[in-house]
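Shared between the two complexes below is chain A, which has chain B as its partner in the first and chain C in the second.
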Partner chain A sequence: MASHAPQAGEGPRWEVFKQDALGKPHQAVGSVHAGDAEHALLMARSVYTRRPAAVSLWVAPAEAVFAVTAEQLADDDRWSVEDGGQERRFLVFRKTSHRRSMTFVDHVGEVTAAGPRAAVAAARQAFPEPPALAWWVVPADRLSASPDAEAEAWFDPAGDKTYKQQSAYGLLAPKKRDRSKGGDR
Partner chain B sequence: MSDANRLDAKLQSALVARLTAMADDELILGHRDSEWTGHAPLLEEDIALANIAQDEIGHALLWLDARSELDGSDPDELAFFRDVGAFRNVRMVELPKGDWAFTMLRQYLFDAYETELLGRLRTSSYRPLAEAAAKAAKEEVFHLRHSALWIERLALGTDESRNRLTRALQRIWPYILQLWQPLPGDAALQRAGIAPDPAELEEAVMGRVSAALAAAGLEPPTDAIPHPGGRDRHGEALVSLLIDMQSVARADPGVEAW
Partner chain C sequence: MAEPVAEEQERLDAFEARIANGEKIEPGDWMPQAYRKQLVRMISQHAHSEVVGMLPEGAWITRAPSLRRKLILIAKVQDEAGHGQYLYHAAETLGVTRDELIDALLTGRAKYSSVFNYPTLTWADVGMIGWLVDGAAIKNQLMLAQCSYGPYSRAMVRICAEETFHHKQGKEMVLTYAQGTASQRTMAQSALDRWWWPSLMMLGPHDSDSPNTPQLVRWGIKTKTNDQVRQEFVDEHAPELMDAGLSLPDPALRFDPSSGHWMHGPIDWDEFWSVVKGHGPVNAERLAARRRAFDDGRWVREAMAAYAARRQQAA
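Let's turn to the complex of A and B:
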């Protein structure tokens, strides 16, 4: 695999947030490696939306995501030390359930704060319910979105690709059995 | 009366030839792209290019289904049981996959051509063609974004990436004219509003490509000697590609599902 790899390696890691339908929150679905934000969005489209429904993608450099768990908040108050610096916008994501198999960290809103720690503190005040198991905050200016004008081209085609669905291959064995029995199908 | 029945025999056979050429371009390019599966320089690109390969093969099926409406041919039979002499793809798509720069440049040039072609076919007077083009055009927006991104990144990246892209451009340029070389029946299709004017298509594609290359600080080679011959001439590369692509189907010709 490495023989064609550029010297620069696989590039930085980007967190990917996928929105399944309008009105639903963007959810953290995983990460991709890419050289820049535009490339990260294209890779996210290929890796995370081939089969599942999607209407929008966001990416942010993994190093720009500040993450803290409820346990960390309870055990150690150093996280809450004021960062200092300019007030800026942060997007807030939180995980509120262990129920589903994937680690969904959902977009919940936005706060203005001087740094990521202050943003978490503001988020706890602004979004108290339901209790969060984990918080992610991302500076708004580090986030890149798939182009809304091209949403149809990015996300619609996956919907009609029957051959990409696992279930599309389910009937092959029975057909072959019928044939070996000389069945008339 | 079906759309197919409204065409006279001459237009029907001209359209069969045009659809076959379009399908073969997509099928062979899709297969070449699929050769990167498991070998792409990045895991994410491996998935992305496999996805694009499937899309291109899906487009081939759109055109072969449209052909089937006209002459009752079987798309699987055409894809997997035709011999090399019956394929009508351009030489550009059959060339061995080469390095990543060559693959991305070929994909970019074909995406630019396909984007302009589909844009024109969407207003075709032959409705099944217009509908299939509208479907394929959606995916093409994304394909073009992906390959254009790589042209820019490779051209403006390192000396190595730029050299590789320049070499790819020299290798592929002699073949590009074949993309809009008219087939014997194309003039009749154009008069009937079924297919676009090749000269106008060439101008649109070359305008798009020259602008993208210029933005990346590259120029099309001026000393390229155009490859002579039409879509019925192929190289050894297509022979070995077909042996690989058709081997499973030919191993058990009577199989009903696979």
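Let's turn to the complex of A and C:
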């Protein structure tokens, strides 16, 4: 059978971080495929902010995200091995709970380190509590953000589309009623 | 050679203990090959189902009877596209690529939900799909929201929150028609006659024909069996449909006071397997529509790639 193996495929994968309200952390919600950061942000808006609430999106190329779980850290006795390279800023994200959730790691702050492994080591020192189940570190210069000045235009329209909210339908219980009237709203 | 086997067993024991303890398994954590394989199979089928699921209802967008119904339907179909994206993302955390997954769908190697291989003959089908098909999907997805694999569980939690709107808009529509004019009532009844059995079938084969289920339950991928989820669906929907003044196309359906459950009659599994194997009413049409969409979008993907490459060069 002929393969549809794409000549121009879906493009690289970008991790998406969504902030629900000012003062709350950006949280990893999933990923999109896009040609560049600008395209990735637009894809992220369509896929992850169809409903309120959002005030900001970040995207980073998936290959720039260094991820490690508590289990991997416990397994790896050579964890202290340093990456070589220039000191740079890393944004730090972590997951601390097994509770039911629609988001993964939360942004907690940043560290300066020579590489991603060193950044995780620095993050464990800087943010020891509560114990993390998973860490992500992302070089700050690989992250792109939705334009703050246009936040209203990006995110407010979702709030007006109340017909997408289940609350718009109330409690629907079948009732025997007068059947002589037809129609639909 | 005894040592690696013992080590493997130790790993497996620790893995199963984590699941028994209610912990989520995350990308990067150790997992048995069979766990990874089952998840890729289930999540990718689920993703394909969301994507193909846009087609039966999408066909009615241009013919919605009011602006309100049209806005609702557009939002619903857009949600299904988004749900496909959440799920492809979850599958990709297990080491498969988006391009591989889409290729498997377009070449007919991948499966998707049997229910989308039935045609939508009237506008009432749109409402009945919302109430029944999305109703069945929610029962399954609420169960999968408890899944031991973090990315799948999170996708399900997000989907369930949105899918409840799909269920309610369909139910509202069918209740309106069931209480409407004679022709509206006929249209609603005919839609129920056609969608009831496919909705029961979409929850999968009987437990006795579902050999993977015990392992899937043990590893917390599923937390209920197909028959358990199907029973929940029937218990909620059968009495509500009857209260709405509609009759169910199952002469054997009855309430069993001793168990407190609604018991349905025998399911036509020959029909189910025939649809799964590609011989449903519109299997070929669905796949052709997806291929056409992929081919029609090729120039867009090429343009995006060229634009990205040029920007990178300029930088």
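Throughout what follows, the second predicted complex is superposed on the first by the 152 of 185 C-alpha atoms of A that agree within 3 Å, B and C clash if a C-alpha of one lies under 4 Å from a C-alpha of the other, contacts with A are read in each partner's own complex, and residues count from 1 in each chain.
As a convention for this text, a contact is a pair of C-beta atoms (placed from the backbone, for glycine too) under 8 Å apart; a residue touches a chain by one contact, two chains touch by 3 or more.
Model, not experiment: these values are computed from the prediction.
Student: Tell me which partner A:72 touches in the superposition: chain B (first), chain C (second), both or neither.
Tutor: second
Student: Going by the contact rule set out at the top, does A:98 touch chain B (first), chain C (second), both, or neither?
Tutor: second
Student: May I ask you to decide whether A:153 touches chain B, chain C, both, or neither, giving the answer as first, second, both or neither?
Tutor: Once the two structures are laid over each other on A, A:153 reaches chain B alone.
Student: Looking at the overlay, what does A:45 touch: chain B (first), chain C (second), both, or neither?
Tutor: Only chain B is touched by A:45; chain C is not.
Student: Just chain B (first), just chain C (second), both, or neither: which does A:34 touch?
Tutor: So A:34 meets both chain B and chain C here.
Student: Determine, under the contact definition given at the top, whether A:161 touches first (chain B), second (chain C), both, or neither.
Tutor: After superposition on chain A, A:161 lies in contact with both partners, chain B and chain C.
Student: Between chain B and chain C, pick out the one touching the greater number of residues of chain A.
Tutor: In the superposed model, C touches more residues of chain A.
Student: By the touch definition above, which chain A residues appear in both interfaces, chain B in one complex and chain C in the other?
Tutor: 1, 4-8, 10-11, 32-35, 39, 46-47, 50, 161, 163-164, 172, 175-176, 179, 185
Student: Please name which positions on chain C make contact with chain A in the complex.
Tutor: Its residues touching chain A are 22-24, 26-30, 65-66, 68-69, 71-72, 75, 78-79, 82, 85-86, 89-90, 92, 98-99, 102-103, 106-108, 145-146, 150-151, 153-155, 157-158, 161-162, 164-165, 167-169, 171-173, 175-181, 183-185, 240-241, 243-245, 291, 294, 298, 301-302, 304-305, 307-308, 311-312.
Student: For the complex, which residues does chain A have touching chain C?
Tutor: Chain A reaches chain C through residues 1-11, 13, 29-36, 39, 46-48, 50-51, 67-69, 71-72, 95, 98, 100-104, 133-134, 161, 163-166, 168-169, 172-179, 181-185.
Student: Spell out the part of chain B that touches chain A in their complex, as residue ranges.
Tutor: 38-45, 47-48, 51, 54-55, 58, 99-100, 135, 138-142, 145-146, 149, 153, 157-158, 160-161, 255-258
Student: Quick check on the complex: what are the chain A residues that touch chain B?
Tutor: 1, 4-8, 10-11, 32-35, 38-39, 42-43, 45-47, 50, 150, 152-154, 156-157, 160-161, 163-164, 171-172, 175-176, 179, 185
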